[in-house]
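Pasting the structures here.
Next come two complexes built around chain A: one with chain B, the other with chain C.
Coming up: the complex of A and B.
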């Protein structure tokens, strides 16, 4: 004949176990939601930071003395000197030290100037890529040619790698 | 059903309802559109800087800028250009610039100029422009009054 005291003890133990199982179930469920939310919020923050960096890089490049059109120290807005841009691109491509120096300014990004009018052209100013998300910005520009004294039309494309 | 059982059932229903509520809240938070800082910046800057750059561009017509072509087109229309007169040259230049930028980027837009009959013929458009839009207007002074160069970027 089974001991009634032992049976009651077993039932109590099962009850305690069931409560623990339910408790841990809720704990794991809640924690997984919490971590999912945190991950989502972190991804958004990273994405936002990447986008802000793209804007920062584009603003830096638009005001870089190595590229701008300045006349008697007065800088023209949204304008690149095409001769400066060609030399800058060639220098950064050929000279590892220049690439390292400009890495402080542009970090992981690609800056390309596209000439649209009157003659289509492409000048890669800086290119340092890495895997991950990419934010692309295009900024219309005047392209000043000091040899002719005239202005072409084009745009600067900034690809910032996250 | 015993009173105790009824109470437990009620509690269970409340717990299920709270969990459903939390689940919905979490779903909404996860599905909320991410903030697009770069897009907002681009939209606000693009129309204005595009018009400014276009108007300042030099054309092959006596080295006149697009602004000067529009001024001539609106008032005298006496410049002789590779594309014909100043209106035709402005049409050609603006068309090429818009094709090389907004149309290449597959952006819907409407470009128009008001203030004189001749320049009002210079209109360009691409894509659907029935929704929200970001606009920019630049005045171009002429002896007959200011022309209004307007670019609408559509979303």
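Coming up: the complex of A and C.
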């Protein structure tokens, strides 16, 4: 015949275990909910960082002496000298040391100048890609042709890789 | 029966104690981890913000701006391999492409960033200087022409946000002058001797400087000697010499913590100068081959830009007295550029 006291003890033990199981169930549920929220917040943060980096890259490129329009050391805002842009693109493409040097400035990004008026044209200034998210930024530009002394219109496209 | 009941009650209490301790320990470890993560996150976000701010500041030529400073302060350092970085707490960030001249540590309520372009004679890059209200610069001058010229240059360009005073050698030396300058609660003081031998052996600073971080520099028209106190209360200084070119180079020697930071940044600046002059030289080649410009008689001379580029490339690996030759090349290029301007030809810069 089973001992009634032993049975009562087993029931109490099961009760305690059930309470613990429910407690840890809620704990794991709460923790997973919290970590999901954290993950979403991290994704938003990464997105924000990507946008900030694209802005920084475009800001740097617009003030780079290798590209800017300068007239006896007076710079014109949002303007690229088209000849400088061509020579700069060629330099970075041909010289690996130059690519390494400008990596400090542009990191993983692609910078392309698109001429729109008077003649459509494309100049790749810098290209160093990697897998992952991409933030694209386009900035209108004046394109100065020093030989003719003329201005054209275009835009700078910055692709920053996350 | 009674023994079994007692055992059961004891077991319950032990179980409760163990389970309670485990649960408490679990939550405590989560709190500690979260605290560390939060501190790390805050430091990373501050470093990111500072990186963005310095990027913005470094492209704003000639602008000085005062910005809020994190409570932890910012440390700046350059290693012997010229890896320069700033750090907030335990989080560090490389200078990357920025040429930043700053003291070893800045703490307080705010930080002042000032940007000046380095022209040789075209703008090669921008130098970014950092200081704040707790740092004082004493410029020591005398009546000599060189000293007065340097003083005039500093006075003309230094922004009002920088704590700067112009004094004489007699104002510094308490041996001869009981009214000598004293420290007005500045955390760091830099004595900048403009073409005057500092003579630290015979110089007696006021006792209010005894617990202050003092550094000193002798600036002549050609070079700068960086002096570092051997230890906090010492009157003896170690010296290191470096050469500079341009107004921005002069201010770099004033704001740099030491010869290491100055040299590392100037070498990086020379590297950038090499690439800028290469782009300008390649652009000039297009002008030299342009039939209209040839017919117009535009005098393009590739020699000077090539000479600047060659010198810049050599100085990028070892900065030495040869860098002074850049001044002659810059002056020649300036004359050539003006000649092009007079003939209505496309200028070099």
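Please note the rule applied: the second predicted complex is superposed on the first by the 162 of 162 C-alpha atoms of A that agree within 3 Å, B and C clash if a C-alpha of one lies under 4 Å from a C-alpha of the other, contacts with A are read in each partner's own complex, and residues count from 1 in each chain.
The rule we apply is simple: a contact is a pair of C-beta atoms (placed from the backbone, for glycine too) under 8 Å apart; a residue touches a chain by one contact, two chains touch by 3 or more.
Remember, predicted model here, so these are calculated numbers, not experimental data.
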Practice item. Using the superposition on chain A, decide if chain B and chain C clash or fit. Key: fit
Practice item. Quick one: classify A:81 as touching chain B (first), chain C (second), both or neither. Key: second
Review point. Just chain B (first), just chain C (second), both, or neither: which does A:69 touch?
Key: neither
Review point. Regarding the shared-chain residue A:52, is it in contact with chain B (first), chain C (second), both, or neither?
Key: both
Exercise for review: Name the contact category of A:36: first (chain B only), second (chain C only), both, or neither.
Suggested key: first
Check your understanding: Should A:90 be classified as contacting the first partner (chain B), the second (chain C), both, or neither?
Key -> second
Study note, to complete from the structure: In the overlay, chain B and chain C get no closer at Cα level (Å) than 13
Exercise for review: Check chain A for residues that touch chain B in one structure and chain C in the other, and list them.
Suggested key: 52, 149
Revision key, fill the gap. Within their complex, chain C touches chain A through residues 1, 4, 8, 15, 19, 48, 52, 55-56, 59, 61, 96-97, 119, 121-126, 271-272, 275-276, 278-280, 282-283, 286-287, 290, 292-293, 337, 341, 346-347, 349
Revision key, fill the gap. Residue positions on chain A within touch of chain B in the complex are 33, 36-37, 40, 44, 47-48, 51-52, 54-55, 77-78, 114, 116-118, 120, 135, 137-142, 148-153, 155
Exercise for review: State the interface residues of chain B toward chain A in the complex, per the touch definition above.
Suggested key: 22, 26, 29-30, 34-39, 41-42, 45-46, 49-50, 52-54, 56-60, 63, 65, 93, 96-97, 100-101, 105
Exercise for review: Write out the stretch or stretches of chain A touching chain C in their complex.
Suggested key: 5, 9, 16, 20, 49, 52, 56, 59-60, 62-63, 65-66, 70-73, 75, 81, 83-84, 87-88, 90-91, 98, 101-102, 104-105, 146-147, 149
